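In this document, chain identifiers A, B and C correspond to the written order of the chains, with residue numbering beginning at 1 in each.
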Amino acid sequence: MTAVQARIGDLCQALGGVLHGAPDHVVTRIGPLDTADASTISFLAHPRYLAQLASTQAGCVIVAPAQAEAAAARGAAIVCEDPYLAFAHLTQWWAERMRARPQPGVHATAVVEAGAFIHPTAHVGALAYVGAGARLDEGVIVGAQAHVGAGARVGAFTRLAPRALLGEGCVIGQRGIVHGGVVIGADGFGFAPVKAEGGRWEKIEQLGSVVIGNDVEIGANTCIDRGALDDTVLEDGVKLDNLVQIGHNVRVGAHSAFAGCVGVAGSARIGRHCTAGGGAIILGHLEIVDHVHISAATVVTRSILKPGQYTGLFPFDDNAAWEKNAATLRNLHAMRDRLRALEKKS
Amino acid sequence: MTAVQARIGDLCQALGGVLHGAPDHVVTRIGPLDTADASTISFLAHPRYLAQLASTQAGCVIVAPAQAEAAAARGAAIVCEDPYLAFAHLTQWWAERMRARPQPGVHATAVVEAGAFIHPTAHVGALAYVGAGARLDEGVIVGAQAHVGAGARVGAFTRLAPRALLGEGCVIGQRGIVHGGVVIGADGFGFAPVKAEGGRWEKIEQLGSVVIGNDVEIGANTCIDRGALDDTVLEDGVKLDNLVQIGHNVRVGAHSAFAGCVGVAGSARIGRHCTAGGGAIILGHLEIVDHVHISAATVVTRSILKPGQYTGLFPFDDNAAWEKNAATLRNLHAMRDRLRALEKKS
Amino acid sequence: MTAVQARIGDLCQALGGVLHGAPDHVVTRIGPLDTADASTISFLAHPRYLAQLASTQAGCVIVAPAQAEAAAARGAAIVCEDPYLAFAHLTQWWAERMRARPQPGVHATAVVEAGAFIHPTAHVGALAYVGAGARLDEGVIVGAQAHVGAGARVGAFTRLAPRALLGEGCVIGQRGIVHGGVVIGADGFGFAPVKAEGGRWEKIEQLGSVVIGNDVEIGANTCIDRGALDDTVLEDGVKLDNLVQIGHNVRVGAHSAFAGCVGVAGSARIGRHCTAGGGAIILGHLEIVDHVHISAATVVTRSILKPGQYTGLFPFDDNAAWEKNAATLRNLHAMRDRLRALEKKS
């Protein structure tokens, strides 16, 4: 990685803001307001941190128009409509300069099977595998030890991190990011019970595929199973964190985002702009409409047809208090009956 | 992949059913009743879909004897005792024709250490690793970038998908499927606390192995730890979905099936024909008898000695309703006392 | 693997105990008291198993001074201050003799990029990848198909198991163990919402790294994300089981240990000597002080500032009983109001 030295004038131009202060001031770090020094560029994205603005030692702060005056009073500032979005753009500007872009071409130790198409601008890393008939479009990066199965397709500028796996016949669109350890296109979990033989399970071969839209990011060790007959689908802009499980035939609507350890069972249909907190479980064969937000560790057991926030988790407590409440909970229905009996009496 | 064109007469013969209709009709897709057209073969496995039978445009439907007449009235049909099982067989017939079977032999880029035995009919893919003294039996498939540790054994016709890992000395039986990212044989989680030194943890080396029976399928990124002293065991016909964790010394009985994200802690002993829904957690050092069914996201904290269905999850609700109920739950035991006091008074 | 034959005199010397019995007696197995025979060495670490001491057929037992007499009365014994810790040391002694240590050197099929430093005593396995400028210190083992990213550093005697992945620029200290499928240094989950465009997500590039101390063990398929601006940190002696998720900017204090399937969201700060049971979820941007113990499947939704055990899980029950209680729970707040009304009346 390369250390970045940035003139705040250049940053302001890149972010499309208005600069207060000397454009030649140089920053070498992005950081929060409270630990910033003169070499740090910081940002104020939430009113909660407003008090830190006056005291920060940051060399430059990115602020919204409402804070422009207060920010300029204390030193250099870049004024932007949406400081948090500007911060996101700033990290992208920074990353481009900090990290070397891999050279186009196929590493000598990569294995490319017959009939694969690799665009001349694409990069295939060391010990990577590209199966027969696979297609890598313009600017694609396939990291070291990554895997693109036979007939799979990777859209322009998508990056498979080292050791990501896109299975046979699966498709991902443009500008995607697939992190290490991801497995796209393993078999869905489908079996028919064989009653005649004491209940063994007969495999239902999974004949569908996985189809992923543009601008999708998939976190480390997440799994997306292929469909049983049709395809499992992630629409444009979906963001999945690490260790997420997406069962066969699931459809996730555009711009929905799931935090780590979320599990979605087979054939669930999830709308656009939904979110799920860490460890949430969504059962199968149900529907969730657009703009539904599932809290962490909540188990969705039936369809949700109305936008909103939904929650279902046992509040934690010190163990002794929990034990008493949990024990009582096991008799809750009986308590209700006792309460009713009292009500009738009174 | 190859497009499949199937005469329904051939399918009927393969499935062992009775054909109503013209055997030369060709289908090119398997699909559900409601979206089927003349080129689709469909099936009726659940009475819920009975109404769709009359209106489906399917070129052929697989039905049970009770629906034979109704099915034949509307077009071609294959009558089988168990249509869902026939559907499973149909997908297998289809997959065999759709997917190329890898050629026997060892890819030039695979690494095979000294003393490994590879049956002449086995396939070892590109960039795969086979450790010293490992054994691959008849018809075994080791996918690209997969890993078979030193001394590990793979039974006949078992398939390790690309990037599956079977650790040193571990054993899997015949006709198994191990999906990508699986790690079989990592160390169990065992440490002795060192009180004298402020509570650091001293490693207990895990000296056991993992022994897996026949007809076992293991989903993507699932982990099965080796035993501490003896072995971790999965009996015949066990099916594990993705991202499942099986701790050291666990024993899972034959034909038990666990959905995605299930965790089983060390030394749990689980019976035959059990199931666990997605995200269930089974604590360690306990016993579950045969034919126990654990609902999704349920936490099993003690042994279950009676067959049946067991559940423990907080019902989800809109967030505002949940908040009120959850807050009250933290005072449930006190509520019980208040109820008691009222009962004494009345 | 090599079969181990151990004179109990040699074992006693290695463990630093006092031997009762013939030092030339040979054992070939470590096992529990109840299934031990004359060729087995066993141990008594918990008073629960005291009754088994008299009847065990073990060739030798490791006991605490309090049990020395009873143990010697029935046969050979090694007396140690802490028998469970002695057992841990015994497994280490055993493992060293059972398993071959890989030879120093770089396998011909490994890829080592320019500027990487590999200590002459280090081992780099088949098909492994070591990126540009990476550093492997004395005695490091990089297993077959493992991955060390550009500029990453691995401290002395640390072992990356086959197919472990240490990402670009990440650092792990000495004597660590990283199991198969681990992904260290994938991007944290960070996006800015773009309100102007209907709620798509703009990526926040993750510019930090992962810094891991000494004596840390990380279980199979666990993920540790790199920090957004600063680093994600695991202090010395941390132990993580399989399929654990550690979000960006998290700090885990020394000697804390998390069981399988635990998820820790971004920017959580966890103290020293904490534990979390399987499937626990710790939300982000909160603080947990030293010596806090989180029970399995508990969701920590706010900071914990007092040491102790904390729990929050729905007790499981047979499904019918759970259904009644869960249904009532959804009306719990209303029940409280009814109870209050009765109290006012009475």
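What we mean here is this: contacts are C-beta pairs under 8 Å (C-beta built on N, C-alpha and C of every residue); 3 or more make two chains touch, one makes a residue touch a chain.
Predicted model, so just to flag it, every value in this text is computed and none were measured.
Summary of the copy comparison: rotating chain A onto chain B for the best CA superposition needs 120 degrees, to the nearest 5. For the pair chain A and chain C, the fraction of shared interface numbers is less than half, so the two copies use mostly different residues to meet. Per-chain CA centroids place chain A at a distance of 26 Å from chain C.
Residue positions of chain B touching 2 or more other chains: 109, 127, 145, 163, 181, 221, 243, 261, 279, 313-315, 317, 327, 329, 331-332, 335, 339, 342, 346.
Across the complex, chain C meets chain A through its residues 109, 111, 113, 127, 129, 131, 145, 147, 149-151, 163, 165, 167-169, 181, 183, 186-187, 189, 191-195, 198-207, 221, 223, 225, 228-230, 243, 245, 247, 261, 263, 265, 279, 281, 283, 294-295, 298-301, 308-315, 317, 321, 324-325, 327-329, 331-332, 335, 338-339, 342, 345-346.
On chain C, the positions that touch chain B within their shared complex are 1, 29-32, 82, 84-85, 87-89, 91-92, 94-95, 98-99, 107, 109, 126-127, 144-145, 161-163, 177, 179-181, 215, 217, 219-221, 237, 239, 241-243, 255, 257, 259-261, 273, 277-279, 296-297, 313-319, 322-323, 326-327, 329-333, 335-336, 339, 342-343, 346.
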